[in-house]
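Both complexes below contain chain A, partnered by chain B and then by chain C.
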Partner chain A sequence: MRLDWEIAKRGWRRYAAYPWATAAGAFTNTIFGFLQAYILLAVYRHRSDVGGFDARDAVTYVWLAQAMIMTVYIFSWQELALRIRDGSIAVDLARPLDPQRYWLAFDLGRAPYHFLFRGLLPFVVGAIVFDLRYPSPLDALAFVVSLTFAVVVSFGVRFLYNSAAFWLLDFRGVMTLTITVVLFLSGMVMPVRFFPGWLRDAAYALPFSAILQTPVDVWLGKRDGLALLGFLALQAGWAVVLLALGRFVLACGTRKLVVQGG
Partner chain B sequence: MVEPLLLWRRLIGAQIRSQLQYRLSMTLDFVGSGLISFVDFLAVLVIFHNVPRLDTWGVREVAFLYALSSISFALTDMLIGHLDLFPQLIRTGNFDVLLVRPRSTLLQVFGSDFAVRRLAKAVQGAAVLVYALSALDLHWTVWRAVVLLASVPVGCVIFGSVWVVGACIAFWTTDGGEFTNAFTYGGNFMAQYPIDIYSAWLRRFLAYVVPLAFVCYFPALYVLGKPDPLGLPRFLELSSPAVAAVAALVAGLVWRFAVRHYRSAGG
Partner chain C sequence: MIEVDALSKRFVVRRGRFRRERHMVEAVKEISFRVEPGELLGYLGPNGAGKSTTIKMLTGILVPSGGNVRVAGLEPSRRRIELARRIGAMFGQRVQLWWDLPLVDSFELLRHVYKVPADRHRERLARLRSVLDLDTFLQTPVRQLSLGQRIRGELAASMLHGPELLFLDEPTIGLDVVAKQRVRDFLLEINRQDGVTVMLTTHDLGDIERLCERLLVIDRGSLIWDGGIPELKERFGGERTLVVDLEEPLAPLSIAGAVVERVDGPRQWLRFRGPASDLTARVVGSARVVDLQIQEPDIEEIVRRIYAHE
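Let's turn to the complex of A and B:
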């Protein structure tokens, strides 16, 4: 446990070392937030409710999504794949901590850094300019839990497409396809609630919505009581399933691993 | 004028040949890039699943804007590269190498990052354009066709100029490379939608400071024969080429200013 903590601290520090990169990213997220907020507000000039979201919910969704985009690391993460490709994975496998646990601890150290320094600024700007919805203390607590699960689910997905590098010399195709699916079905480009009925049900049933739409729904208080617990349990369930799958794939990959250069 | 173009062709040619060595990877990459940019169009479709119009704009008209923006973006990306790797050149000090060569630094940066897969975005943009044009039932005139054809190269010049200015930020903040994303991806995202849906301050900023409204919005009004919902002067619809020329001039000046103030980061 102590080791996990130390690794998590390294995950935080890695990103804390580049403050300008953080500022630049927060600036970009803010620009996107404004654009998307005005686009969605244009939708609400024609109707007052879309799939259970009113205009205020939708604008809150926009700024939460921009705040979470780096926290749940939706875009490409390929550190593991690169280590598999160049053979460094052999060294990692010899360590007392297996690669999955190592990178999970690293990621859980990285996520709070990104949430505080990449996420907070765009959200505050959004909160100043727009009228946002804020959670009750209980929902805020549930949001923190849900966001943590979201990071683990996202990590589970990223770990899987990185593991493709055990079999494919060029994993980029698999990675791009997965990110495409995640971007759309997580609710990152449009809230899942805006989807047509069948697609919406499918998206809620799949693990990808647990990466973004679930924490947003929790923040907005769309579920309460037992429904909220069930919602969080489903998210936790996906996290466990994906981690188990990752473990299995890692075991298969290790067995087949041939490190170039002996 | 000819000699730099030959140089650029050589730089690009070498990279095309190297990327075509791995056919399967190339194909997967190409398909993946096409799909990931198509996600933005899915967003447009999701919006119009919920509302018949976005203010005065129907789905076909927004599809038209989307297509124009995608094609110009993708071709700019092909021709001058994403400038994504450019901040890295500054950070590692490798920009010094470009400076000692007796060729334009900008041209060398343009030629340094070419990827065949970027054509995929243009292909999906072209597919959406075909859909939009066939569904729109436009009244064609020679001038409308001319404006449509010209809007792609003009759009490329505007996008390219904005990116160059955005990339110049890297001269001062060595690890702030992500600033350029606000100009590249942000500019593309913005141009995909009609600018009249944005609030006044953002719209004015986009139309007159960072002239992205001239990439799609104004040419589209002309080609579609659509009265401007904002009631702006009609001559703006045809002023994109002039705006592009000014933008390129400004970008060139900013680049020269930035290069002159470059202090190498490498030892």
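Let's turn to the complex of A and C:
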């Protein structure tokens, strides 16, 4: 536990080492927030409800999504894949430390940094300019839990496409494909609630919605009581399944590496 | 400390895009050797000879295809994590430190990875700081370090948990003369004073000559030499050269047991094997000699000959 904490601290510091990159990113998120908010507001001029979201929900979704985009690290993360590709993974294996545990702890240190320094600014700007919806204390608490699960689910997905590097000389195809699917099915491009019925149900059943749509729904109070608990449990379930899958794939990859070399 | 018995590693390499042919490559062929605690030995071989493959099997990163290995009493590939706590490894061409963080941050994290008590960590770090002269860049992010500084950092990192055995892969690669010397001094110190067993893989023959009493040479997967450097010179560099300065230029001398290789005015070069005393006596007996000088082959030359299969 102490070790995980120490690793997490390095995860935070590694990103804190580049404050200007952070500032530039936060600025970009803010611009995109305005863009998306005005597009959605244009839609709501003709309708008052889309898939259970009113205009205020939709605008809140926009600014939450911009705040979470880096927290859940939805875009490319390839540190593990690069270490596999250049052979540094051998160095990692020569240490008494499990790579999955290491990278998860590192990511859980990174996420709060990005939440505070990439997420907060766009959200505050959005909150000043637009009329947003705020959660009840209980929903706020549930949101924090849900956001944590979202980070782990996202990590699980990223860990898997990175592990492809054990087998593929160029893992970037797999990565790009996965990111495209994640962007769409997580609700990043537009809320999962806007999808036609069948796709919406499918998206909610898949792990990708747990990366973004689930915490947004929790914040907006779209589930309560047992339904809320079940919602969080599904998210936690995906986190466990993806980590287990990652563990299995890593074991296969390591075995391939140690038995066949390369 | 290390027991290797008929150790082999075969890789299957696939060639061709559509009709894949499977080729068997024998990277390491039944090599055997032992290393006693406290030894500092060099492991030498041309590129692709099987050095790294051997080291990876010794550290448990690769599973052998045949034979037995025991390192510190453990079978590496089965007990990799346990072994990792007791050995150190440093690969000169890989970065093991945390790139974006200050050097000292990497050290502190390694303390937790290896679960070293705080006071012992402080003690070891203080010593490594003075021996490797780390103080001026301890707070500098690793990405900003010069190569020499980074290598010193990497060496410190590999020693912080007090390993009994240290594997070094090209620790002096790319370093300037001063930095090289510092690394060599450090290795001698930990070997002599702390009794750390060191296995050193290198292409730098200066490292070998200054540090190692014993040398393993691997070529095309087979161990072709296991012994001291003087014996290696004897065996592979058996022929020495006697440089004779005569009083006046003469035709090439005709001496039993020697071949004149070169003549330059009054100076002649004679290649010979065996003891020099008989030959010298014969030379002095057959011509008027001003000066005599015996040239030993240097290790670079010997290794070149070994690699070239002369």
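Methods note: the second predicted complex is superposed on the first by the 257 of 262 C-alpha atoms of A that agree within 3 Å, B and C clash if a C-alpha of one lies under 4 Å from a C-alpha of the other, contacts with A are read in each partner's own complex, and residues count from 1 in each chain.
Simple rule for what comes next: contacts are C-beta pairs under 8 Å (C-beta built on N, C-alpha and C of every residue); 3 or more make two chains touch, one makes a residue touch a chain.
Not measured: the values here are computed from a predicted model.
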- Task: Decide which partner touches more residues of chain A, taking chain B and chain C as the two options.
- Result: B
- So, does A:F194 touch the first partner chain B, the second partner chain C, both, or neither? first
- Message: Let me test your reading of the model: by the given contact rule, A:K256 touches which partner, first (chain B), second (chain C), both or neither?
- Response: neither
- Message: Quick check for you: in the superposed arrangement, does A:I179 touch first (chain B), second (chain C), both or neither?
- Response: first
- Return first, second, both or neither, reflecting whether A:D170 touches chain B, chain C, both chains, or no partner chain. first
- Which holds for A:G87: it touches chain B only (first), chain C only (second), both, or neither? second
- The shared contact residues of chain A with chain B and chain C are 18
- Spell out the residues on chain C that touch chain A in their complex, using ranges where they run on. 9, 11-12, 27, 53, 56, 59-63, 77, 80-82, 84-85, 89, 91, 94-96, 98, 100-101, 105, 108-109, 112-115, 141
- Item | Contacting residues of chain B [partner chain A, same complex] | 22, 24-25, 27-29, 31-33, 35-36, 38-40, 42-43, 46-47, 49-55, 169, 173-179, 181-182, 185-186, 189-190, 193, 197-199, 202
- Item | chain B partner contacts - residues on chain A that touch it in the complex | 18, 20-21, 23-25, 27-28, 31-32, 34-35, 38-39, 41-43, 45-47, 50, 169-170, 172-177, 179-180, 183-184, 189-190, 194-196
- Parts of chain A lying in touch with chain C, wherever the complex brings them together: 2-3, 6-7, 10, 13-14, 17-18, 87-88, 90-91, 93-97, 257-262
